[in-house]
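Listed next: structures, encoded as structure tokens.
Shared chain: chain A. Partners: chain B in the first complex, chain C in the second.
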Partner chain A sequence: MTDTRPDWYRRKRTREIATVVCFLLPALVLFFLYRILPLGWNLWLSFQAWSPLKPAQFIGLENYQEMLLDDDVFWQALGNTLIFIGCSPLAIAAALGIALLVNSDLKGAAIYRTIVFLSYPLMTVAVGIIWRWLYDERGGFINYVLRQAGFITEPLKFLQSFDMALPSVIVADFWQVLGFYMIILLTGLQSIPQHLYEAARVDGVPARARFLWITLPLLRPSIFLCLVVGILNSFTAFDLVYVMTNGGPGHATELLITLIYKAGFGQTRFDYAAALTVVQFLLLVVLTWVANRAAGGNAGSREG
Partner chain B sequence: MVVICVLMLIPFYWVLKTSLTGENIYAYPPAIIPVDPHLFNYVDVWYMIPFPRYLLNSVIVTLMAVCGNLLFNTAAGYALTRDFPAKRWVVLLLLSCMLIPFQATIIPAYLITSWLGVLNTHLGIALPMLSTIICIFIFKASFEAVPRSLIDAARIDGLSEWRVMVRIMLPLSKPAIATNVILNSIWSWNAFMWPLIITRSPEMQTLPLGLARFLSVMENTTGALYAFVVLVLVPGLAIFLMAQKEFIQGLTSGATKG
Partner chain C sequence: MRRRHLLKATVLMPAAALPMPAIAQAPKKIAWLTWNLVHLESHIKQWIAGFVAANPGAEVEWIDKKGPELPAFYQTQLVAGTPPDVIDIQGALGLEYAGQGALLDMTALLAKDSAVKANYDADYLSNWVFEGKNYMVPYYVSKTLLFWNKNRFRDAGLDKPPATFAEIIGFADKMKGGEKTGLLTLNFDWLYWPFMQMNGIDLLSPDLKTPTFNTAKAAEVLSVLADATKSGAINGISWTGRWVEPNEAFATGNVGMLHAHAPAYFWIKGKGPWINGETVGATHVPGGWATPNSHGLGISKGSKNPELAWAFVKHITGNVVADSLARTASVLTGNRTVDQAQLARLQKDDPAAYDVLKTQFEFTDKMCGNWRLGNDSRVKDAFWPEFQSAVLGRKTPKAALADAERRVARELRRA
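After this line comes the complex of A and B, so read on.
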């Protein structure tokens, strides 16, 4: 089939497409270099024996074999990461409570919203230092309050204790992301049509049932989003863990991402770190899928 | 609600208090209101460590990231409003890229950066942050909201593609530009892991790295550390409080569209 459109049209069209390509190219090159290429390379690297100054060698699944069979630290880090992610529904539930309060006819709701959200745009490194200080056994606020209230007589070493270090880090993380969850849920709450509530009220549906049967189902997309943020958070928590405990004591607060950093840039074992990254990425994909199912099908595609 | 707010604010207060307190921050019981407040710690931070140097690095990287984002995101966002072959694939590609957390690619990203020869430079730190997919879509949405008739009228008047963009699209997209500047400046200001991997020499370190380094050198034995924390937090908080609306809108629109 020949193009019957006039010549000038085709020339114009070519020029238009050239413009589009020029405009898109920088961003696409950037994403290719820093998202797509690394992802593929990462997978490839994980099947190799790599060390600086030596040609890489294909070794198949040896890195994975070492990880799954011989590396206790890997299992601990995986467990910690799962605990870390598993706790995020608690934060989401708390955020939902706050969002409901802010959304009701409360005086000064905007101020409360600002205050709760205030910790989110903070530098995570600084958040880590702040919380280290709060947990401090001598000058820390938490120990001070607990001692004053008479719960304990000796100061607790939160971040040095094997049992308390991970929960302590998780609490600090909650403090930072709570505001973000709240904002997402608040946006979701505000998009629920008011007339549904009015209709329910006219029909005499009690408040608890209204919450269960109107608010929660319609909030599903927002809750799903919060879950995804919580899962991604296990990646971004690197800054916090690095500053607060650096994975210690022992490996009590080691997450996969800190382990990746240590293997890659501490021991220059890029191949092994790449294999760890593959595992964490798969974990991310699987958990996101599960969260999507839990939130009821294609919840993520609310706005397309 | 008041209780929750107080709980959320205590960490801020405690750090501020410590940064203002004098010699012995370990006195027990710790004072609730700083005794004899002074600013020695802040002076200390400025002179004892290369704080101005860190600040300069952070500012340079943040400026690069913001400029790069404005340039690339407006261009890409504009291109996406046009009709071209394989557009669906490009959009799909961008959406799927959004799901790849940057942290999941650090090992090859490091190798690529070293291959490009920009390890330990400002450009190297800023490079992966030069464009953000969420922001491309924010621009796309904003450009699509510009009435078609306006653009056609401009075309008929003989304005070139470029002029249409600069004269009509951009002035009408000020909120999108604001969101872009705010989100990206806060993100690059706070970035830690990537600069940690990329920089070798202390002269290239940005503020968060300086902060972590300061912590490891001094442990937490001085109030100066907390003065440092306060100094680092102030710019981010200031930007956030001034532009809260754009910040939240940007985050939620980006998030819900993901």
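After this line comes the complex of A and C, so read on.
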């Protein structure tokens, strides 16, 4: 079939496409250089035996075999990472509660909003140091309060205990990210058309039902965003764990990300670290897909 | 035509620039990587200026990295093929880099400059011998010792430091109570190993190929350490803290003994105004065992100017600069002439510091926890979490030792 469109139109289309390509090209080049290329290189590296001073040698799936069959630290780190992720809905629920409060006619709501949000812009390293001192066995504020209140007689070893270390780190993470979740959810709440609530009130719908059938469904995009941020946060909580516990005691607070760092830069096993990174990446993709499905697909967007 | 020439020139210019060496690799230029020495900037610049004056045309680029940053930085430079020529490395990492082929074998250089070699303390120099070859020379040296809080000892009715492992635990038990604990130890880089060694426990066989620590005696020692930790005789921070936390705890005055290397003294003294020769004693642990944690200087095998780098190493560890470092940072340098002068000076001016630092040259034949392994960090990471699980009561000593043996054996097989 011949193109019957006039020449001037084809030239115009070509120019338009060229313009679009020119605008897209810098971003695509950067995306390729900083995302696609490292991902590809990392995948290739995961099938090699390689260290900075030895030439790479193809070893097939050996790194994966070691990880899945022979490395119990990997399984512990994976379990801890999943617990970290699994706890993020709790933080989102708490943030939703605060968002509902500050979205109401509460006196001084703006002040509370600011206070809750204040922790988010803090550097994660600073958050780690603050919480390490709060948990401190000797002079820590939490132990002080608990002892003064008579709840305990001996100080609790929050970060030294195999059982309490991970929950303690997760609480510190909650504290930092709570404000961010709250702002996202608050924005979502404020975008819900008020006439829906008014109509429901007129129809005599009780508050609980209004929350379940109006607020929650219309908050789906915001909740989806919070979930994705929560998942990402669990994968990137390196600095918090590094500062507070360095993965210890034992490997009680080891996350995949800290294990990757230790394998790469502590043990000079970049090949094995690459294999761990591939697994972490796949897990991230799967979890994001699950979160998307749980939010009703299409990133939780509202229809109509 | 002109446009074509312009295009050709544009393409060729970067291509022509590619084979040019990076600045750090230009003739007569070397880079020196130090670890946590940024506070000595003005002195380091003077030392470098002294070297440049003695070697006209030479240039030295100084790079300093903080604790956890240095290994990562050095490895990226190795991958890029531009490793710093001279590198300051702490602990067994030097042996690991040597094992991986990153460092230049300095044996021949040392043999050629026998007077230079003779001026290094032989035992500290031997800390960096890997497969019979010397890969680093001492820069500033230290090993562990036992600090004892004389006030806590007096309160517990004790008047001398412990002479056996049982006494360490027994004394610690007597000093515990309320906020007070009896013993703290640093734990990074095998610094806790003297507690095992004094009980006759070896990590590996002499050929470094087989784990030998999974014994009934080791289980007994771990059991004692775990019980003492549970009772509060040993402060739990011993097994979870790194540098700041244990030293800070001892500086509060509530702890009876601190097992740490010599630099800890100056740190805790800065934090605890009560610390002086009357209140804190320094001694060896039973048997004189100690784990070294020294800094050494090595030359990267990838250095483009190894001779200049060697000249720089000799300059930095030579009498003039080493003396300046010893005075400025209150350290021992492994340079025998300088260290003798430093100790003599301290004996007169600061007897408490002298008591601490003189231990660093006693029992230097009893240094332990310093295995000649090319994969030390992997073995360490395989052993430590299990040891930690046992002393913190997570696992029984037997189970922890069995798991540690399995993991360490796996790392040794991989080597």
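Keep this in mind: the second predicted complex is superposed on the first by the 268 of 304 C-alpha atoms of A that agree within 3 Å, B and C clash if a C-alpha of one lies under 4 Å from a C-alpha of the other, contacts with A are read in each partner's own complex, and residues count from 1 in each chain.
Just so it is clear, a contact is a pair of C-beta atoms (placed from the backbone, for glycine too) under 8 Å apart; a residue touches a chain by one contact, two chains touch by 3 or more.
In this text the structure is predicted, and so the values were computed from the model without any measurement.
In the superposition on chain A, A:Ser51 makes contact with chain C only, while chain B stays out of contact range.
Applying the stated contact rule after C-alpha superposition, one finds that A:Gln267 touches chain C and leaves chain B untouched.
Once the two complexes are laid over each other on the shared chain, residue contacts for A:Thr277 go to chain B alone; chain C is not touched.
Contacts of A:Ile17 after superposition: chain B is touched, whereas chain C is not reached. By the touch criterion defined above, A:Ala27 reaches chain B but does not reach chain C. Touch counts on chain A: comparing chain C and chain B, the chain ahead is B. Of the two partner chains placed around the shared chain by superposition, chain C is the only one that A:Phe162 touches, whereas chain B remains out of contact. In the overlay built on the shared chain, the residue A:Arg138 is in contact with chain B and with chain C. By the touch criterion defined above, A:Gly250 lies against chain C but remains apart from chain B after alignment on the C-alpha atoms of chain A.
Overlap of the chain B and chain C interfaces on chain A: residues 138, 265. Residues of chain A touching chain B in their complex: 16-17, 19-24, 26-28, 30-31, 33-39, 41-42, 45, 98, 101-102, 106, 112, 114-119, 121-126, 129-134, 136, 138-139, 141, 144, 147-148, 175, 178-180, 183-184, 187, 221, 225, 228-229, 232, 235-236, 238-239, 242-243, 257, 260-261, 264-265, 270, 273-274, 277, 280-281, 284, 288, 300, 302-304.
Interface residues of chain C facing chain A in the complex, by the touch rule stated above, are 71-72, 75, 78-79, 96, 100-102, 179, 236-237, 239-240, 242, 249, 252, 254, 375, 377-378, 381, 385-386, 388-389, 392, 394, 410. Across the interface of their complex, chain C is touched by residues 51-54, 70, 73, 137-138, 157, 159-160, 162, 245-246, 248-251, 262, 265-269 of chain A. Of all residues in chain B, only 1, 4-5, 8-12, 14-15, 18, 25-30, 71-73, 75-76, 78-80, 82, 84-85, 90, 93-94, 97, 99-112, 127-128, 130-131, 133, 136, 161, 186, 189-190, 192-193, 196-197, 207-208, 211-212, 215, 220, 225-226, 229, 232-233, 236-237, 239-241, 244, 247-248, 251-252, 255-258 touch chain A in the complex they form.
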